[in-house]
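Letters A, B, C, D, E and F name the chains as they come in the text, with residue numbers starting at 1 for each one.
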Amino acid sequence: MTTTTVAKVLRSDYQKSVASYWNNEKDPVNLLLGDVDGLYHHHYGIGDYDRSVLEGPEDTRDGRIITEMHRLETAQAKILLDHFGDISPADRLLDAGCGRGGTSFMAHQRFGCQTDGVSISEQQVEFANDQARQRGVADKASFHFRNMLDTGFETGSCRGIWNNESTMYVDLFQLFAEFYRLLEYGGRYVCITGCYNDVTGGRSKAVSRIDEHYICNIHPRSDYFKALAANNLVPINVIDLTSQTIPYWELRAKSSVATGIEDPFLTAYREGSFHYLLIAADRV
Amino acid sequence: MTTTTVAKVLRSDYQKSVASYWNNEKDPVNLLLGDVDGLYHHHYGIGDYDRSVLEGPEDTRDGRIITEMHRLETAQAKILLDHFGDISPADRLLDAGCGRGGTSFMAHQRFGCQTDGVSISEQQVEFANDQARQRGVADKASFHFRNMLDTGFETGSCRGIWNNESTMYVDLFQLFAEFYRLLEYGGRYVCITGCYNDVTGGRSKAVSRIDEHYICNIHPRSDYFKALAANNLVPINVIDLTSQTIPYWELRAKSSVATGIEDPFLTAYREGSFHYLLIAADRV
Amino acid sequence: MTTTTVAKVLRSDYQKSVASYWNNEKDPVNLLLGDVDGLYHHHYGIGDYDRSVLEGPEDTRDGRIITEMHRLETAQAKILLDHFGDISPADRLLDAGCGRGGTSFMAHQRFGCQTDGVSISEQQVEFANDQARQRGVADKASFHFRNMLDTGFETGSCRGIWNNESTMYVDLFQLFAEFYRLLEYGGRYVCITGCYNDVTGGRSKAVSRIDEHYICNIHPRSDYFKALAANNLVPINVIDLTSQTIPYWELRAKSSVATGIEDPFLTAYREGSFHYLLIAADRV
Amino acid sequence: MTTTTVAKVLRSDYQKSVASYWNNEKDPVNLLLGDVDGLYHHHYGIGDYDRSVLEGPEDTRDGRIITEMHRLETAQAKILLDHFGDISPADRLLDAGCGRGGTSFMAHQRFGCQTDGVSISEQQVEFANDQARQRGVADKASFHFRNMLDTGFETGSCRGIWNNESTMYVDLFQLFAEFYRLLEYGGRYVCITGCYNDVTGGRSKAVSRIDEHYICNIHPRSDYFKALAANNLVPINVIDLTSQTIPYWELRAKSSVATGIEDPFLTAYREGSFHYLLIAADRV
Amino acid sequence: MTTTTVAKVLRSDYQKSVASYWNNEKDPVNLLLGDVDGLYHHHYGIGDYDRSVLEGPEDTRDGRIITEMHRLETAQAKILLDHFGDISPADRLLDAGCGRGGTSFMAHQRFGCQTDGVSISEQQVEFANDQARQRGVADKASFHFRNMLDTGFETGSCRGIWNNESTMYVDLFQLFAEFYRLLEYGGRYVCITGCYNDVTGGRSKAVSRIDEHYICNIHPRSDYFKALAANNLVPINVIDLTSQTIPYWELRAKSSVATGIEDPFLTAYREGSFHYLLIAADRV
Amino acid sequence: MTTTTVAKVLRSDYQKSVASYWNNEKDPVNLLLGDVDGLYHHHYGIGDYDRSVLEGPEDTRDGRIITEMHRLETAQAKILLDHFGDISPADRLLDAGCGRGGTSFMAHQRFGCQTDGVSISEQQVEFANDQARQRGVADKASFHFRNMLDTGFETGSCRGIWNNESTMYVDLFQLFAEFYRLLEYGGRYVCITGCYNDVTGGRSKAVSRIDEHYICNIHPRSDYFKALAANNLVPINVIDLTSQTIPYWELRAKSSVATGIEDPFLTAYREGSFHYLLIAADRV
């Protein structure tokens, strides 16, 4: 990339530091799990885990755990995609904050449509495009080094847009203004995200710990609904997935790929200061 | 009631006409169903109906249908109450637009707490208070001739508030401002409502037909989320119940207590211009 | 029209149903009256009617009534145009929701300027363009199958814009945002509309009946002033025409072309739940 | 008045300077005209003047002009009061910025109801209360040394409120917030005011000259409608009285009581940078 | 300039009268001072003056005063420019309301970068461009007959923008919206302005006198911060310069170039109804 | 305190955790410094430190550093108080988030007026009241276990309010709404605070580290100005103190009382992601 392009995509020091983090990130918890079937996720899982993976031979235990965690992450992406309803092969979807492309490939496989992913990490974009070529879907699933706040894509060009745990890096009002622009009338927006709970109050110690770890800015739950309302995105389904994601974290805490951030997540979820939330909304 | 009191509760001609409608309403679809077990509902049902009620002896068929419809209506109220989570006997709940008290009695029975209902129909309030006396719960479940936009109850006095199909008579911004005032910090609001779909556009012919029938003002879905956001009420769960309420209307259309409004409801739900929506939100 | 164009103009199911209504509309109350002098109106009349039309020979009575009703409708359009003040032949006017072109032809005749009408009914547009050809003014009065919320006309290209009873099909905030864009600095906006009265409260039964009849969404009076204020359109004259339009409806109720909607109109106007309002405002 | 009371009513240096101006004001244009029939006005007139007053004997010419100007001022107050519609003797009206009480006495005489006037000039209040005693109506028409932004009157206690050329001393958003509080649901607000024209742009030299003369802050026309919309006051009639007030100023310029401010008024009205506007609105 | 261009730049009568004022302005207080060193300022000065200029020979006294006043005006512009921090030669600055170009030339000299000035006075623009040619910097300092509310310059093209006493001619919300558009992310805005004090209340007599003199519309201090907040311009330094500008006015009152407006300025500053304020803000 | 009172003051889990932190806090950096002269501060210092304190005998070095740090902290509080201008002994000041009372005692000593401090830490309140008794000023300086978002003090009762590094625990819009209520017209608000820089983007890793350490929620700079503008608090002076506070942190990093949070502060200040800001504003 030329310096000019980078400057255009990464307009603040904050964005540069986030990009740098993900350009350098090679956490086994993402790479080893992705190796299971070639879907590299950058989000967490939902659903109860199979307790039997903890039992049995010690030497294959870790492999069983990793496979199981990957299954839960794929289940999460599946639920996210379920909320798009009917998408036709002629439609176009946008994966905002696409990571290494996992959810995009699942969407393409399911709907047969064009999917575009954007990320401010050049490394992730390159990785995902490589995957697309290996899967022979590069004509339909492509990934771009672009800022989701200002994608440059055509107005009204998307039937659906999702954020799979990528909203905590941006201002929601700016984000949803761009999505309002990109979505066609009646288009669908879906996100799964961690948000802190206005009811327990400000960001708890555990939530700030997560912010520091990922250099992210976790939003209060209320911000999502204010920013949706301000941008003509109208909720149709909202699901509190907190209780469904806790088992994933409990399993992860017992795995070899634990990064140390498991404890703040579990603390925050259990004390109620943090939610794992799915929102599906229509653009009107 | 003195003229002064009535003038204070019913401040506009519109409210007077709504009050008059409900004061005079004696629809079998409400009274006969309520007679089944003494829970008089003024809302619709959800869940699939038992197809067997349509079969069997002709002369008891209608009775079977009525019992089944009542079961579906009670199931609806049950789902609404499920979203309050833990309510202790020391808490206080408000049933805004309480009708003849059905949901209030279910709430009291479930949580053991004080429940207050308000209605602008003096007849409904009287009916509900009679029921409370007959049930021996008049000390804990009471009903008041008051306007839900201006209840006069103490600030911060409610742990929870619900609207069971009563929001279409009022301005949502005024309503949620009052609820924000009434709810304690962290209190829960739940509503089930019919709302029209911003995606299909303005109020369809079928929706206006319903408005005319009930002298109500059905809101667009978007209004709910704008008014919640403007009043510090933050959604935690939103469920599109449309597909779950259609069976109820199909059964009702076949019953002896059909009022003629069944067709507009079924048309509106099926064409997508109308939703049956549950919203649970926290007051922060 | 190609399917693509139609999809672009009619973006929601609601708009499609409105378009369909007007495409198929052949009400004598519009066609017979228009036949009088070739000005086909789609709005109501103002001023007292000549009581003598009801007397005299039975067989020509209906013709007299129709001519008189047409005179009152033309008088209404005249008052609307009066509020544009000085318009020069070099100016351009927009008739938003032009119907079969009646007001547009009057404006062209009066000011000698370019007038463009837009409608989402292809039938109306075709009809009006036919009229323009027959009148030999097709070079100056033209009609377009376009959505008034998104006309595609150039920014700042209009000296004046009016809605003659066509605002009840659209969101006023969206509408006035488009008009703000289209009007030059200092340009004039005029509308005549039926609106419901915030003082009597929500939409009355009679108003919902009108909504259902025309598949329209009558706005509260307050919405007009909120939407004008939000879009830099500043009122200079506002006239409550209610008492002046009632005679028209009384006459129409006695005519052979009554459609059945006369009673709801008269009820609504008389009970005070509905206004017939003229608003003139400047774009700043 | 005690120092404390004065400090409470006059909370800013600006208000003190306005109060001081009016406490010391003894302009013949107000006092001589009031002497005609005991109605002391502090506003301008409307309607054409009788050209004959300029003719005839020189020595009584001035008297004729003064009587005629007073007639036009009383005609102005009459039009203002016309917009209240039906007011019953049991109602209560508020004259905000009452001056020496002229309009208040006309209102009381017309409707038979209680009228309260407020002014930040103690001298004016005293003068008006004296007048009330002389007229024997002190029990029904009373005047108070209070700030119209914070009257201290009871919430919902007024059926109607007017400003007769007194809005240019206060912030309209604060003013209408107080009036919203004071008016009962459905109450009527009427004002006649000079406002500058947003279409010609900012305050012209002539308008600033008027501001300096009266130490007032003339608002743009748009501010009135923004502030009404923000405070649930919905216009029902708006009349541009500019052309009707110019004759008054032309006559006044020829009178012995001209103060020198006639030229800026005439310049501003004629160049279009200034309007004389009546607004009637309903509180909802 | 062609009539069309003028009409585009001067869109209201108000703007035309302001342009006319400055096109005809030849006040010695601006021209004689500018002659000192060729920097023609249209703003006031700050800092204490050298008392010795009032002493010494009578015949050169006026020359000494003029040189001293010019020094104070240049000192003011220097402080304004200090708040831009590091500007590189590759950056571009905009002087909004550039007058005869004084501050622009100082900026170019200091930073070596491109500076563009805009004014609605063709005479000022011509004068400033002449100066640029004489100074041999016409390639880097250019002046344009454009409206600062709608400059036509490219989005994001400016590193910095200032108003040196030119904000009182425009609506601040419109102005800052244009500046938000023009500034790059992180760009700096600086203004020095006279504003009236919300604490003392509305515009005082002295402030209205200044408004009339310059045909300007002095804003309340609060408007600056509301308009900045509404347009993502975030203050980083705000300095009340009032006490530092009073000496300049005292000296000017004693000079031969006094225009008569000195007394209102001194009165307004001393009574506290008027501030001389510097604001530096970042565009985010 | 009774449980009820505590529940009223600490309404969320977040507030409880903050209160618990400060109830248990016994950091030498606060206590040892306070012991120097009995002014216990809970904020940082400004100004350059005397380099000589680092030199000289090792065994008294730490004492010298501590005395010097305390001097810088006292200097900071002095600058804050400078911005109140003239406060008379009859006025009343509020110290919002008073900690152990340091700034309050300085204010009382300087102005001779009543000062009230509020804190959600009962331990701090008790400590500060003890100090007041020891100093013999308990009649004029008192401290209360109250929430600064809802102090319960009388409307308009304060001449001035300050936050000395205590705004990062609360929502600024709620806070300034309460201060608007408490301040008399024309009253002064002053705060010194750390805020993150919107120009560098979201909260940096270093800023989140500080948030985690203190369980606080550092706001972006822009939030201060939005919340002030929304609550009629108008800035008059804003000073970026960042460069003046860095020496304090450099010294503290070398002291025995360093807590480990020095490095994030220095990193954040130096990289520009964090400001140390003073804001003085007037309530209008």
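General remarks:
Keep in mind that, in the parts below, contacts are C-beta pairs under 8 Å (C-beta built on N, C-alpha and C of every residue); 3 or more make two chains touch, one makes a residue touch a chain.
If you're wondering where the values come from, they're calculated on a predicted model, not measured in any experiment.
Comparing the residue numbers each copy contributes, chain D and chain E share more than half of them at their mutual interface. Looking across D-E, C-D or B-C, the pair that copies the E-F interface, with over half of its contact pairs the same by residue number, is C-D.
Chain E has its Cα centroid 63 Å from the Cα centroid of chain B. We define each chain's centre as the mean of its Cα atoms; on that basis chain B and chain F are separated by 50 Å. Averaged Cα coordinates give chain A a centre that lies 38 Å from the centre of chain B. Centroids built from CA atoms put chain F at 39 Å from chain A. Along chain C, residues 12, 185-186, 199 each make contact with two or more other chains. Contacts from chain F toward chain E in the complex involve residues 185-186, 198-199, 221-222, 225-226, 228-229, 232, 234-240, 275, 282, 284.
Residues of chain F touching chain A in their complex: 12-15, 17, 169-171, 199-205, 208-209, 211-212, 215-217, 271-273. Those residues of chain B that touch chain F in the complex are listed here as 185-186. Interface residues of chain F, counted against chain B in their complex, comprise 11-12.
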